[in-house]
Each structure stands twice: as structure tokens, then as C-alpha cells.
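In what follows, chain A forms one complex with chain B and a second complex with chain C.
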Partner chain A sequence: MEIKDTEEEGKTVVYLSGRLDTKTAPELEAHIKAGGIGDNGLILDLSDLEYVSSAGLRVILATHKMMVNRGGFILRNAQDTVMEVLNATGFADVLNIQ
Partner chain B sequence: MDVSKLSPMGQFNMKLYSEGKVAYAHFMEMTKDPMKYNTELLMRILQDNKDTEYGRKYGFADIYSIEEYQAKVPITMFDDYAGYIYKMTEEGATGLITSYRVEHYAKSSGTMGNPKRIPVTDRAMEVLDRYNQQVRLAILCDGLGFGWIESPAINLIEAPMTKLKCGATYGAISGRMVLSLGEYLPFFMTSPSEALVPDIRTNTRYLHARFALASKTVTMAACSYISLILEMMQYIERDWEMLVYDIEHGTIDESVKMPPEVRQSILGKIRPMPERAAELRGIFEEGFGPTVMKRIWPDLQVFYGISTGGFADYLRRLREKYAGDDIPAMYVGVTASEGLFTTPYEIDNNQTVLIPDSMFYEFWPVDSDDPADIVTMDNLEVGRVYEIVCTNLSGFYRYRMRDALKVVGMLNNTPLMDFQYRIDQSLNMTGEKTTEVALRAALEKMGEGIGVEVVDFSVYADTDSDPMRYVYLMELDGMPEGLTMDRMEEVLDACLREANPVYGYKVEKGLLGRLTIKLLQPETYLLYRDLMISKGAASAQLKPPHILTSELQKRFFLALLEEGQ
Partner chain C sequence: MTRRIEVNSTADALDDVMAFVDGSLKGMDASRKSVLQLELAVEEIFVNIANYAYHTEGGKVWISCDVDAEDRSVAITFMDTGPEFDPLAAPDPDVTLPADQRRIGGLGIFLVKTNVDNMSYKRIDGYNVLTIEKNLARYTQR
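Right after this comes the complex of A and B.
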């Protein structure tokens, strides 16, 4: 999995590509914990993410909780296969998905 | 012992112990003639409630025997009370189903739908306190001595409460019981109040683990379900570096979710503990394993929480992975929002006894549809499984609990009962009635037979396949080399036929197809739990869904299958 950060209107944008699974979820968790994410919100761009597993969803959920008081959290550009998982697991009811 | 020299907590515990000894002696006396006490209780409930709307409707004033009661008062379900409870909670109405003061409404787990509001009166709370605090403490002291009574416990019970329009509190009954400790609470538990009555945005898993680790003198680990202690240990194993860093520096890692005001409040309660942190780091660097809990908490003497039925396997895994076999368990007995059915009578014994003065009991054999087969406790058969029909202290009369309990023996003349399953939660496509007990027993036997360690499982009825069949969804802790899915299905099917011969018969006849297995991704059950908590479920009430009854649950798990399944 590849992780790249940029910034958009003061918000941190994290681009994920590849697979977010048991092996790579700790990388994303560490990346987010490592800092650099301000208090103006976080966008996780999933346009190049091919697959997300339970472990990956747990990191996304934890990130969502962490960002509640730090400017919010948005998931965007999920591919159909990833979107299907987000819908079926009920994440679409909990997260802000664009 | 000079009680005056004890800490406030020690003095409080000794007071409970003294009361508990008396209550325990009375309880043991009741077990010699339980029907006498149970009948007296029924007559008292009827007399006290004869002027309620429900009591007048069914003529409680003119009932003088169990036979008259059974003839005049119908068997009920929750819907029979829903209208009354609405008026009680929304309009503050009284005198409808109970003359006692309703102190609290218990939030049922809502596994099967929306959570219900179950009234709990002051009389029912009295019984809960007597058995869950006083008697329990007497049993603990008799089993462990008094060395533990001044030390705090790891307490994973959370008590999020709201107030209803009528002014009563609303939340899990386990939380209400913990809160009844009042001013003594901070002495009893390692976790801060922010974890006991948590804001939904607070990561209580971190708070429980961090404060527990910081306290070396812990003697008890208490929870609603024993699975929560296993989960805490798994969390510690995964995140110990962050936890130890925070203990060392008196900080809270930025990634830990909590509102700013909670963070501020917690920061005011902690200080750097470099020595304890160094000790913990040494322990964790040495590795986890079955001695780790004793190395972290050398004085840990007992686990306290629901550890029977579906939770027995979590206790086994907790001991296998983190605790070893030397820490006994204090079992909790069969309890529900509607009241307390059984109590343990000694430490580390998973057999629990029916409580004659908690509620009036009737028992309906689960293999019968005929109300004429309903019996009282003096006519129970050892080895048979019954649904409890209770008349409680909170306004429910001849109420079907939908819980199946097995009579496993007798203490004096009182039945020892073991929870078996929720009656509404069995699989029944062709009359085979496969219970959670059978599903779990088959899985455990398969695991032993072919060396598979199952983290957790769920089963649903696949009615789209032809013939219909069961689908086991399971998360494994690794797959033994060379084992094929076909072999696993073959063994599991054989084990299930043994656990429920009627299932085997239906498969033989071709009415059901052979079961199938689908593997779930690692961490799926942790994700389920995290998600439910983030949607507002009380963590103390969350149980792994072993039988999937809703399409939403099914969609969730089927979206998280291992690739290629």
C-alpha cells in the first residue's frame, strides 16, 4: 500500500493506493498517529484503493473517532468494490462519505 | 481484625461482608425448603399489587394459592406490558403494573431489535444488591480470605445512563448496580469515572487498560462478560508500547479519542510513573503468555464476570493466553434485566442456584407447547431444559423470559441451573431446532479434532440454497497446514449431527443440505464490536452474535469474508 499526504484548504488529504488489509493497516495507523494531521480535518482519498479488510476498517473507524473534535473526517472517491464493503458493513451510516 | 484501622474501602467491604454472612446463611436455609419461600414471595407480590390496574384486572385480591394464580392470570410476553410501560416512562403514570417505586428502567441488549425498557423497582434493586454485593462478598471472603478487600479492582463495567421523562434512570442494569456503590466507587475500581459513565466519544478501552496497568495492587478483574477481559488483554498486547509510554510520561497519546474536556480531566488525575513503566516494559519485552497477568498484577486473585454458557470458551482462552490456571473465577449466576434468577454459592464453581426470594418461578419444558406442562420448582427434572416463566418484583406476571435453562443438579432441595440459550435464537428450518449450545459444542469438538483455533463464529440459515443449509461464518487464529475447507465442513457437520441428532436426521433425509463454512477476515469480531459501540451500544451489553437473525447482521459479516470465499 502507498500513502501520500497533501493539503487542501487547510485539511490534510491522505491518498491511499493498493490494499488496506491486515498487513498494511498498521502502516496507516502509524502514519496517522505519527502526526502531521492538523486540527482542520482529514480527508482519506480512496480513489486508488483496491481493497479494504476488517483490520483496515478498524483503523478507518478509529481515525473517524479521533477526528470528531479535530475538524472532521471525510472518506472520498471510493471505488465500487470498496464502496460495497462500506455500505454492507454499515460504515456508510456512520462516516461522511463523498 | 480491627476494622477501624482499615481504609474506607476496607471498612465498606467489611460491612458488606457482615451483612453478606447473614444473607448467605438465610439463603442456604431457604435452599432447604425453597417452595415455602417462593410461594410466600408470590403471595406477598399479589397482596402488595392487588390495587394496581393489572392486579384489579386479574383479581389478585382473591388469589390464595399457586393453582388459583395459574388459573386466573395469563402467561405474558413483553408486548403485554409495552402500553403500560409507555405510560409509566412518558407520562409518569404509577399504579399500573406495580405498586412499588420504579427506580430504574433497564435497557435490554436489543440483540433482537430495539432495546426495551424493563422496569426495575426499589424492591428488585434490594434483591440485586443483596445477592450481587453482600452475598457475593461473603463468598469471596470465604474463598479468598481478606487480603484483597482494600485493593481496587479492574472494573470493565460501564454505566452510561440517561434520564427518562418520568425521572427514572435508563441504562444497563449492570451499570445501575455498579453506580449503587456511590461515593465508594473511586476506591473500588482502577478506571476513572470518565470510563464508568463514558461520553460516547471516549475511548474507554484505552482508559480501562491504562489505569489498570498503572495499578500494580489489583486483586480482582471484574466485567459483565469475561470476553471483555480477554479483549482488554489483546488490546494491551497490541498497544503496550503506547500505553507504557503514556504511563511513563503522564500523557495521553494524541491518537486516543476523547473530548477535550475529558482529556483535560484525565490529565488532572495522572502523573508520570517512570518506575511502574519500566517494570511493565520489562514484563512485556519478556513476552506475553499464560503468566503475563500474574507478572503485571502479582496480587490478582479472582476474575468476576459472566463466564458460563457461550462465555466459557473466552475464559478458557483468557487462561490459555494470559492468565494461566491459578486465578479462580467468581461466576455471576443467571441474570437479566428482569431480575436475578440464580446465584453462585462458592468460588470457582460454575453451578449456580435458583434464588427462592428473588422472583416467583414457573418452568415450561422447551420440548412442550402445552401450558399444562408448566411446573413449579419442586417438580423440575434434573437434566431437562426449561423456559423460565417469572413473576418478578417489578410488575411482570407469568412472564416468558425466552431463556432456556437446564437443571444440572440440586443444592439441598433447590435446583442448580445452567443457562443454555435464547429460545428465539435457535436455527429451525425444518423442525430441527438447533440451539446455540449445539452450534458451539459442534464447533469446539471440530476445533479439538483437527487443531483449529476459532476466534469467534456466527451461523445463519441459508434459505436460498437447495436444499436449505446452515452457513458457519468463522474467524480463525491461523489455518493448520494441509487442512482443506471440505475436510473442515465434513468434520463440523459430523460434530453437529452428534450435538443435535435431529439435524443429522434432516440431513440424512435430504431436507437440509450439509453445512458450509465461510472464513472471516482477521479482526472482524473486533470491528463488529467497535462499530456497535460507535453507534451507541453499551459495551457491557455487547455479545458476539452467534446466530444471525437480521439481514443487516448477515450483510455485515458476508462483506468481510476472506478473499476467495
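Right after this comes the complex of A and C.
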């Protein structure tokens, strides 16, 4: 998995590519906790993410909770296979998905 | 054709397990989506065994993969000698709760159920025997 940060209108954008799984979820968790994520909101861009497992969902949910009072959290550009996992688990209903 | 592998029950062995499964599917002309769904089921089951079957003592996991190339279907069986545990007996997580009440526990097994065509559990001679089956010509609609 690759993680790349950019910024859009004051919000931090984190691009993920590859697989967010048991092995790589801790990398994303550490990246988000390490700081650098502003208080104006976070966008997780999943354009190039092919795969997510429950380990990845755990980090996504924790990030959502962390960002509630820090400008919000948006998931965007999820591919079919990733979107289906978000739908099946009901995450699509509780997260801001664009 | 049946292939088998024995691995340690640690999350580190996941790469070996995935390579074993992907290697078993060679030449099957499986759809990419169906393979990703199968990989998800395999990861969730294996990580569950690695985390819980042997507590901190560790142990072995035996995995066999039966491939029917003509039918483009696969059956994968996971065996461990941990305490009896039927993942199918646990209730499904409530996937309608608001975010602040969400828990991740149970989501993995739920994802297995929603990504394979069949899942069965038996306790045989001290082994937990968990089998998943999936047709790889199509992908499972959720």
C-alpha cells in the first residue's frame, strides 16, 4: 500500500493505493496518528485502492471518530470492490462517502 | 486438484497463505472481482485463527485448496487444533448502528459469509474444520 498526502481547500487529502489489509492497516493508522492531519477535515481518496478487509475498516472507523470534531471525514472515489465491502458492512450508511 | 500447506498461526504467515491460494488458482480464468472476494474471505478466516485459536501459545494451521478448473470453483479448508470454535454460531453484527456505537468485532466473519457461496464448520477429532466454497466465474452479489 502507498500513502500520499496532499491538500485541497485547507483539508488534508490522503491518497491510498493498493491493499488496506491486516498488514497495511497499521501503517495507515500510524500515518494518521503521527500528525500532519489538520483540523479542517480529512479526505481519504480511494481511487487506487483495490482491496479493504475488516482491519482496514477498523482504522477507517477510528479515523471517522477522531475527525468528528476536527472538520469531518470524507471517503471518496471508492472502487466497486471496496464500495461493496462498505455497503455490506453498513459503513456506507454511517460515513460521508462521495 | 488439491494442494496443501501448513503454516504457523501468526498474522505474519498471511503472505504465504495468500500466495498459496493465488497459486492454486493459476490457469482458472477467474474474474478479478471474485478472486478479491475470495482473498478477503481467506484473510478474515486466517487472521481470526491467528488471533484466537491458540491464544498466545501459537500453533499450526493446515489449509487445503481444492480446485475444479472446469467448473471454475474452489473449496478451501482451514484446520486448527485450538479449542472448539464455530464462527457460524456467533450472531451477525448489527450493521445499522450509528458510527459511535460501532464495533469491529464480528465484522470479519460477517465479511466471509457475504463473499463466498457456502461456508461450513465441523469439529472432527479435535480439529476445527472450516470450509469455504466459491465459484470464481462470477462474483457474489451483495
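The working rule: the second predicted complex is superposed on the first by the 98 of 98 C-alpha atoms of A that agree within 3 Å, B and C clash if a C-alpha of one lies under 4 Å from a C-alpha of the other, contacts with A are read in each partner's own complex, and residues count from 1 in each chain.
Please note the rule applied: contacts are C-beta pairs under 8 Å (C-beta built on N, C-alpha and C of every residue); 3 or more make two chains touch, one makes a residue touch a chain.
If you're wondering where the values come from, they're calculated on a predicted model, not measured in any experiment.
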Classify the contacts of A:S54 with the two partner chains as first (chain B alone), second (chain C alone), both, or neither.
-> both
Please work out whether A:N69 is in contact with chain B alone, chain C alone, both, or neither, and reply first, second, both or neither.
-> first
Please work out whether A:T81 is in contact with chain B alone, chain C alone, both, or neither, and reply first, second, both or neither.
-> second
When the two structures are overlaid on chain A, which partner does A:I32 contact: first (chain B), second (chain C), both, or neither?
-> first
With the two structures laid over each other on chain A, which partner does A:K23 touch: chain B (first), chain C (second), both, or neither?
-> second
Which positions of chain A sit in both the chain B and the chain C interface?
-> 21-22, 51, 53-55, 57-58, 61, 64-65, 84-85, 88-90, 93-94
Seen from chain A, its contact residues with chain C in the complex are 21-23, 50-51, 53-55, 57-58, 61, 64-65, 80-81, 84-85, 87-90, 93-95
Tell me, which parts of chain C touch chain A in their complex?
-> 11, 14-15, 33, 36-37, 39-40, 43-44, 47, 93, 95-100, 102, 104, 107-108, 110-111, 114, 142
Contact set on chain A toward chain B in their complex | 21-22, 29, 32-33, 35, 51, 53-55, 57-58, 61-62, 64-66, 68-69, 84-85, 88-91, 93-94
Parts of chain B lying in touch with chain A, wherever the complex brings them together | 201, 203, 253-257, 259-260, 520-524, 526-527, 530-531, 534-535, 552, 555-556, 558-560, 563
